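Listed after this line are the structures, all set down as structure tokens.
Same chain, two partners: chain A is paired with chain B first, then with chain C.
Coming up: the complex of A and B.
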């Protein structure tokens, strides 16, 4: 509202000498705008710039990340056309066989202990294992032979694609002479992939020998010297049955493979969102699946929050309700002070102290009954979580303390007046009333922990693999990699505009949405479940 | 002695005492843990930074550049020296038999370029962020009409404040380093960090301005002041404490963040100091060493042992002290201002 305008345009004009005099004051103008207007525009310009920039961030992320799916489609197309996919179908069966071998190896370790490390008692067992291991050799040979063919074909195709790009660039720059010089070799996939079609005949023979051999091994498998391990051997027999069926179906699976089958966008999308491999700069095939990173981030964040919440909420209640005024004045700023510690310092502390501390603890005799102790890796989920928990405590503490502070006095006073003890009041009246605030504090804490980079980069171990959940809680002591960590680690080394570069932007977009969703959830919780007085 | 009015133990009271002790235990666990961690860093880092003789501060650690540490044994003597000293030693004793020669990068010398780089990054980015942020906040709180659009903008800005810093780093890398072609430079780092704290500054400054009672503005306007005079004379002075507090807190955040500058502004190592440039414009387009990134490098890229501990803990100590001092300033400011302005 500016002073020059009449308060209401429709109001009857009353002769007011002072008002007229005021209105007649001429403010100095420059190019038709007064200083006030200029300031107004200046501020508006600034605000527009900031708002535009902040939206530009979102736009830019999407622009850079969005092209990922197109490039990934091409990536998968090469994978299919060159026959890498064909070889991988066989390879997956070979891998299954190998994991069954590891299963046997596991049994052997236990039996070895039971036999007081006497290898002779296991001789019959070992012979069978060796035979089992050799049973897959035929397929293994097939894989290594055809992998070379596939790789060669892939290189050939890629060279053509690169030349095509070079040609287009020349055309863009107007250098038609150079562009016409480039001859793109045409890869005749029909002819090239004939090798794979022809290979199908091998499978009948391979399969027959495999089935017979595995059957005879399973039938002749010696009983375990220790009866307790017999159930595990029976389990092995069941698993072998599944494996044999799978191998028998292999020929059919391979028949379905067709280099001409187009790779759709949905395939490109699912290979990112549900892909279980993040494999880059590989000599075989690059995979960009976010699942291992997402699982790593999530496990670290959730563990950290589970550690932090009891402490943070307990401290918030204590400081707000129980502590004396003097205690309050010291503890509250002190905990807030902790939140100012830079994350890289926490990360360094984790590498230098906490990791070793956890490993030393796991080696103590007192905890030797825990099945997964002692742990082998110093840097793992638990190390990162412990540090992130300390980082998250101040955030959750401050917000939860605010929420408790905001519970109307009348609630607590009426409870106390009815004869409830202070703790009963806290437990039955206060916490339920402040619950929405506390929950939103926890959600915001989770958001902060998921977005944290340096601690997880330094302390999570950096192995891109979904943790092995077979040992239960032992999964918490395995190294992982995280979404934030992978961006920080790989961004500096990627080629600008490559598929890897775009994939990292996609990870950034996922992080962006996670943090937005958590923020939104926190706001909604407060809004919906807020208890207001009156 | 019990009498009719003595407090009798009841189950509820026992529960209360136990629960309070558990909560007290949790609170003090946090406090003790934090103190232990601070103590460890202060103790181990302090031994690098301080010394027992005059001037009590290890000036070479603060004022020297990082060097490679050489560790070796020569004729039964244990040698441990920085790169320059090592070369001088080699020239002086060309016949010396050297055994067990090992080198550790960045482990000798000091952290001066990192401190300079961090100061430069903070100064530049805070200038950009404060100008843009406070002006935007003035517009949003004083000029803008309270419509649906502005409300939506406000919510978006508040949400952007929670976006992870690495995402801002990613954005900065994509747009400043690659799209604008500024490469890894001070300028890229400034803008990346500035946009990272911009939402925080806008939100908190606007909050501070909205907390100024409406009557102050109306009184000023009623006396014939223009809008601009009102803002300068009657709104900003009262909002200043709040703006100041939040901006000091943003400084500690800008100084402390590593992720956004990792690939926009920070170099692992650089021989020249920032002002050793050929022409003026080069100043903006040079990468710098920064303290947080240096700590990341020395804690992840070199092994942990007795020779490297000096620079690792020393760096962490200096960095922690600087950031905590800034945060402390903000907290003291806030409590002082709260007492001063009450309406």
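Coming up: the complex of A and C.
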């Protein structure tokens, strides 16, 4: 063999005539398939599988989440039928009254400071506050008494519902004997809720006492020792007026309540979409309102983007337009490296360093003029936002840098050739030309930030409550909870198939739609404003 | 002097009258072929490098005011490089540097540290090979140069737009769509927008790098006509691969080869009776 080889190498290559060559297919085949075909099928298969998997995931998401509304309808139905709703109508008045008390409490804190912490000067004020606090006692008593009744009724009803489920399950499994053994106690709501209707008679008297008492308190309220606080007391008077009218209307509202009124799907839907409470495993009533979580996510994300954008865009412009090649080689990998840090590390850093830093800063004397400083919570929107900003910077930076890079060099050149300075060229020509890319970079950064879980879970404070916007920017220093955080935190603990489980899926679906919308928006921005006309 | 290729008798007369009026002493007219007006651009023994590779070798030439000077030569011989040196566009290329020699405009060394490159570029405009209007309206394209100089008076800007567009022989075509995007125009119109944009800032010198290479013959003819008009007000340096174009619209022609200036003379002379064999070979297309 070894002798023959050189001969065959040196032998002249015989070329086939073109007509023969064209007709003869010589590619090797395996089971009738050429290699090219195989590659083709392989990649097509891959694409199909990934699309299919994605589709199934979405389907699963919707299947699991979709049943939420049915379950929530039932949840709300129990709330109504058992009279919890009735009690809560009264309770809302009591709560309003309590928040007025807190309003007075705030005034007192101020006054206490003004009086050099001398409680005696506030004796008259305190007496009035105490009287005001006691004015609602009648209603408070009603709530405590009837809450117990409602809870009892709810338990009774729920036992029935649970048995019903068990019975159905037996029937499904074909165990008809067992199923027929289960007796479902029938709750006679008409009779059970009579107690509420009977209670209506109390309110006339309650209201009369309340109106008279509050009126007399307001009339006899001693003037504030510090004149500057008087306007706030006047504000209190106005608020009390509203509250009194509200309480006066209570009886009418209660009359409208009817256990028979059916709970519709729309009610179930609105209680999720516009619900301001997310309250689970409660002794009283569970609420699945997404608003506090949504607001938390949104505030954190928007703040983070507001922090990140100047840095990211500034860095992109600097790196692309101003920096020397050496600087570029340092800055670019450095910024991109940031995205390689695991988010849990950022979360850890946030808890250990950033949160403490922000709080310490807020306690400094120099910033004591800021109304909401010092802040009380270490972990809050601002802390989470600062960290998310760091995480969003690489995304926005890279995409914006690409967009700037894609601005035709001819634009820059001809601008400079007309005697524009570098800054003018960047500002008037380059940024507007790259704007669509920059905006879509920001939108995608927002998507990245909204979907981020670990950092917000660790650093946002985890309080499920809509921040109090009355203190303006101070809202940024309040703890919140987020959509991603709640899923991560609660998904492991919920009972499979329970309403809570479904609610978390619904939150996931909302997140899914937000991401989808943001991606779509980014694409549209790029497409539609590819070339901006100034 | 009064004979240029393919020029109408009318134009030639006008030109002769002009050059005459610019002379101090009419009696000197007879001596004109020997006495040249003071050059506006002097290029003095310039070496130019891209990194380690030398792109221009000891170039020396003078460009006269209110004349059209054409740079010709085979691809890669350094025409664009030399042109871009005149308004320092090569500053944008990191590795580029002038190794030796001077570029003087009206006697000022433009690479001297005390020279403001922004001011230089206001006075030495440029039109590029590929028409590159900004992605803005026609109007905004024209006034860009003025806006960046801080002019914002609408009346002034309106006037300049009309004047520049008329100057670029484009006014009639676009006057009803001044606020449409400049990117919606034809290639030839876009190139004239770029010329209008360059003349709007009223430079002394306009550099044109193959301004017609992407245009069809009709658009080319329009731009050439325009160059001819502009000569009254501006000094023009044009790079072209089109021999007829160089012949038609320039007064002086410089032939480059491999980074060296081979020959420069009156266009008529270069095209009819060049001194160098290389020049003749190139012009006649016998170049290998």
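Just so we're on the same page, the second predicted complex is superposed on the first by the 485 of 534 C-alpha atoms of A that agree within 3 Å, B and C clash if a C-alpha of one lies under 4 Å from a C-alpha of the other, contacts with A are read in each partner's own complex, and residues count from 1 in each chain.
Keep in mind that, in the parts below, contacts are C-beta pairs under 8 Å (C-beta built on N, C-alpha and C of every residue); 3 or more make two chains touch, one makes a residue touch a chain.
The model shown is predicted, which means the values in this text are computed figures rather than measured ones.
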Contacts of A:429 with chain B and chain C, given as first, second, both or neither: second
Comparison of chain B and chain C by chain A residues contacted: B
First (chain B), second (chain C), both or neither touched by A:421: both
Which superposed partner A:325 touches (first chain B, second chain C, both, neither): second
First, second, both or neither for A:349, with chain B first and chain C second: first
Intersection of the chain A residues that touch chain B with those that touch chain C: 421, 424
Contact set on chain B toward chain A in their complex: 12-13, 15-16, 19-20, 22-24, 26-27, 29-31, 33-34, 37, 40-41, 131-133, 135-136, 138-140, 142-144, 153, 156-160, 162-171, 173-175, 178-179, 195, 198-199, 202, 221, 224, 226-228, 231, 249, 252, 255-259, 262-263, 292, 295-296, 299-300, 304, 309, 312-313, 316, 319-320, 323-324, 326-328, 331
Interfacial residue positions of chain C with respect to chain A in the complex: 87, 89, 92, 94, 118-123, 125-126, 128, 130, 132, 134-137, 140, 144-145, 147-149, 181, 183, 194, 197-198, 201
Complex interface listing, chain A residues touching chain C: 325, 408, 410-411, 413-421, 424, 428-429, 432-433, 531-534
Residues of chain A defined as touching chain B within the complex: 1-3, 22, 27, 35-36, 39-40, 42-44, 46-47, 49-51, 53-57, 60-61, 64, 310-312, 314-315, 317-319, 322-323, 331, 333-338, 340-345, 347-349, 351-353, 390, 393, 397, 421-424, 427, 444, 447-448, 450-454, 457-458, 484, 487-488, 491-492, 496, 504-505, 508, 511-512, 515-516, 518-520
